[in-house]
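Both of the next two complexes hold chain A, though its partner changes from chain B to chain C.
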Partner chain A sequence: MTTTLSLEAEVAGLIVEALHLEITPGEIDPEAPLFGEGLGLDSIDALEIALAVSKRYGFQLRSDDERNHRIFRSLRALAAHIETNRTG
Partner chain B sequence: MTAAPDAPTPAPGSAHAPSHAAAHAAWAATPERGSGGALRLMVRIALGLGWRAAHGMLFPVTLFYLVTSPAAQKRAARRYLTRALGRVARWRDLWRLYFCFASTMLDRVFLLTGRRQGYRVEVTGLETLRAAAARGQGLVLLGAHMGSFEALRAVGGDGAPVEVRMLMHTANAGPADALFDSLDPTRRAAVIALGRPEAMLEAREVLDRAGVVGLLADRAVRGDRMMSVPFLGHPAPFPGGPMTLAAILRAPVVLGFGLWLGPRRYVLRFEAFAPAIDLPRDRREAALRDWLARYADRLSEVCRAHPYNWFNFYEFWGDAP
Partner chain C sequence: MMRAEPALPLTSRAPSEAIFHRGHDAVTVQRFLAEVAALAAILPDDGPVLNFCADRYLALLGFAAALSRGQTTLLSADRTPQRLADIAALHGARYALADTDIALPLPVLRPHAAAGRDAPNPPIATGMIAAIAFTSGSTGESQPHPKPWGALVAGARAAAARFAIAPGASIVGTVPAQHMYGFETTLMLPLQGAGAGHAGPVFYPSDIAEALAGLPAPRLLVTTPLQMRALLGTGIALPPLAGVISATAPLAAALAAEAEAAWGAPLHEIYGATEAGSVASRRALGDEGWEPYAGVAFDIGPAGATVAVPGLPAPVPLADELEWLGPGRFRLLGRRGDMVKLAGKRASLSGLTSLLTAIAGVQDGVFLAPEDLDRNPRARLAAVVVAPGLTAEAVVAALRERVEPAFLPRPVVMADALPRDGVGKLRRQDLLRLARSR
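Here is the complex of A and B:
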């Protein structure tokens, strides 16, 4: 559980950095939707996040992944997906 | 085939409200007039009687639309023509503009259904596309509401060794779009619908496969912020969205024009625009303006050379008196 939590914080930092958000990583509600309402990200941000994730964790987020809806649902879901797929 | 000239449509649920009053006015411009039923009837006549008969129909149809289209639309079109022609636009200029538009709509019916007999399509600048394909490199193709993008896709894509996909909003597709989709089932598949988190990932993957991602750059793709740059000698609001998407996709940018030259005659023109669109974060605003100005400048030249191919039938400059 601790690894997941620290990874969550790490991914929050990655998102803030990749998107140059004007908030601190701690301000991202891990359960809130990343897209639409919530953090209000869009498809451009999804691409930026995908690129940052592949650079840092060594695996690709694919557009045809049917789990995308779930993966991008929240910070927690994204971190969990990274946890199971990371190679780096 | 004679839906009213496309009016810009706002992106629903867009995160960015248009900040420019003119852009906002543009959203409210002319609703699409051609009803689905009338369009279907005309398509049936066109396909049943053939191109020549349908072409003959264009004269009364153009006259009908010219007479019944809102005065504001005609005023806007004349203002554009006056700027493109460098002289006061007359009724016959307006006629030519509407006739050109109707012709491209009719041709779409034939091009989409693979009836390309009798069409003469000249292609220039194909080496730009070929060179990129040879390097295994994807390209972003910036188009405009000009001439026939369909011709660009239907004919330019014919036998093309690369995948061509359009990045656009589909939520506002009108009856004409539904009809054209029914004529060519692959048309819808060739669109990457914006507004989904994975849209840009999909576009990036097309580029990774050395494919082409097309964008229309003269209207907002997502109710995006407008920036004023000189166009045909006067400042006009251009959307920052398409150029920003091109920058984010990190690929060389090519301009594409499918210009109507006369009955069943087109020239498809591809031109290298930039090896990459760079928008450094610290001077993003200024850089974006520079790129838009460059684009508008090139668009001005093409409009002057082919004034009757421009299909933005609203106050493009937002300077209605």
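Here is the complex of A and C:
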């Protein structure tokens, strides 16, 4: 069973790898927004993350708006969403 | 002035046809017109109106209601508050229509769909500027491209004919309704061509699959290479499709082949530009030649290409290099000059560079395009910046206020000086080496 903290580090690694970011996974502030300010990701990145998540964790991200905002609020929120929904 | 100005009705569709799907609800033309009339009755007296509704049906409703009141709609695919405010100020927007909460220095109304008693189908003068689309100009500011009603109608009808879209087709689009390609294929097509739109939201592969599965056949998917790549990458199953249309970026042959094999439907590409709208198409597989839309005339010369579009007052210069392949078919050779295209939006590198060097604390700087920009849907621009006292993060934060997210540089390399030669010209190879040095 994965603990949230190690999953968080794993997802940070996934983001850095999927988006070819020029930072180390440890440099992502787990509480900072992933989009806009903070990590500064955009919609192209959102698709890449969705693709990487579906491959690694076996479930699909969706855009029913409110929830999506919550999921991408931070690395921590995304990791928590993955922990709840993962099938792989 | 002519006495009887030519006009075309708001919609060409029959009253009982479905024009849109909202969730599981099919909206007939009759009901749509009644909702347009009800919304039009409560709109402020004067436009133009900045309409950036994300819900496609609300976007169409707002556009049609404004049109029926003689008001021009400003279409901004860029939802950056600063950009929206700039466009509103520059083009005298009197109010905005939005379905998200956003603070702007003008009244923001949230349209809702409620049917009135009457459902008129008002005539709209073909010369009326129904909408204004925007591109980023060479100096970075928004350039307006006015769209007469007649041009929008002609484009929608040409597309409906070109793709032989059935009146009862369901159209799922993944491109924002305020992007010219999205506006034409997901709002104007149902309004004046054929098929019924889908309100959305549709962005992730699972959204696309779910939206398609919830709609009656025949189904048409209107999307981009980027989203096709994500769809195929996740391996998600789609219901039977009648066709797929892609635009905004060149589609790699391998991706096109994979898509046709996976979905068993013909894949077509549209060629167009915000200035001209959609002007040509081709079958993506094994066909290099683009066929102009009905009524569209290309003029390809050594100085560049222009396109004459029905309903537009003058031929439009194109940012791409074109070459005739044979009568009525042309080939796309590449971008002209320093234009770059990312996420379906165009910008000029010099325009982006001038925005960069205008940042307080930036002494020198330049935007660079990677070699694989046209082939790699995930490619990003890079920037080399001389700004003692500023961090790369601070530079990006300042750029974010002026530049669309897709154009934000990644990486940003901070340097002591730019490699300039004796006459002050930048050496591209040295710059690329510098950009890759991290």
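Heads up, the rule we're going with is that the second predicted complex is superposed on the first by the 84 of 88 C-alpha atoms of A that agree within 3 Å, B and C clash if a C-alpha of one lies under 4 Å from a C-alpha of the other, contacts with A are read in each partner's own complex, and residues count from 1 in each chain.
The criterion applied here is as follows: a contact is a pair of C-beta atoms (placed from the backbone, for glycine too) under 8 Å apart; a residue touches a chain by one contact, two chains touch by 3 or more.
Keep in mind that what you see is a predicted model, and the values were worked out from it rather than measured.
Undergrad: On chain A, do chain B and chain C fit together or clash when superposed?
TA: clash
Undergrad: Applying the touch criterion given at the start, work out whether A:N85 contacts chain B, chain C, both or neither, answering first, second, both or neither.
TA: A:N85 contacts neither chain B nor chain C.
Undergrad: One more residue to check, A:L47. First (chain B), second (chain C), both or neither?
TA: In the superposed model, A:L47 contacts both chain B and chain C.
Undergrad: Thinking of the overlay built on chain A, is A:E22 touched by chain B (first), by chain C (second), by both, or by neither?
TA: A:E22: touches chain C, not chain B.
Undergrad: If you stack the two complexes on chain A, which partner ends up touching A:S63: first (chain B), second (chain C), both, or neither?
TA: In the superposed model, A:S63 contacts both chain B and chain C.
Undergrad: Would you check which partner chain A:F72 touches, where first means chain B only, second means chain C only, and both and neither mean what they say?
TA: first
Undergrad: Clash-wise, after the superposition, say which stretch of chain C runs into chain B: 37-45, 109-117 or 163-171.
TA: Stretch 163-171 of chain C has C-alpha atoms clashing with chain B.
Undergrad: State which residues of chain A lie in both footprints, the one left by chain B and the one left by chain C.
TA: Comparing the two interfaces on chain A, one with chain B and one with chain C, the shared residues are 20, 36, 40, 42-44, 46-48, 50, 61-65.
Undergrad: Under the definition above, what is the set of chain A residues touching chain B in their complex?
TA: Listed in rising order, the residues of chain A that touch chain B are 20, 34-36, 40-44, 46-48, 50, 61-65, 68, 72.
Undergrad: Under the stated contact criterion, what part of chain C meets chain A in this complex?
TA: Residues 201-207, 210, 226-227, 229-230, 233-234, 236, 342-343, 377-378, 396-397, 400, 405-406, 408, 410-411, 438.
Undergrad: For chain B, which residues count as touching chain A in their complex?
TA: 13, 15, 194-205, 222, 244-245, 248, 281
Undergrad: Which residues, counting only chain A, touch chain C once they are in their complex?
TA: 20-22, 36-37, 40, 42-44, 46-48, 50-51, 54-55, 60-65
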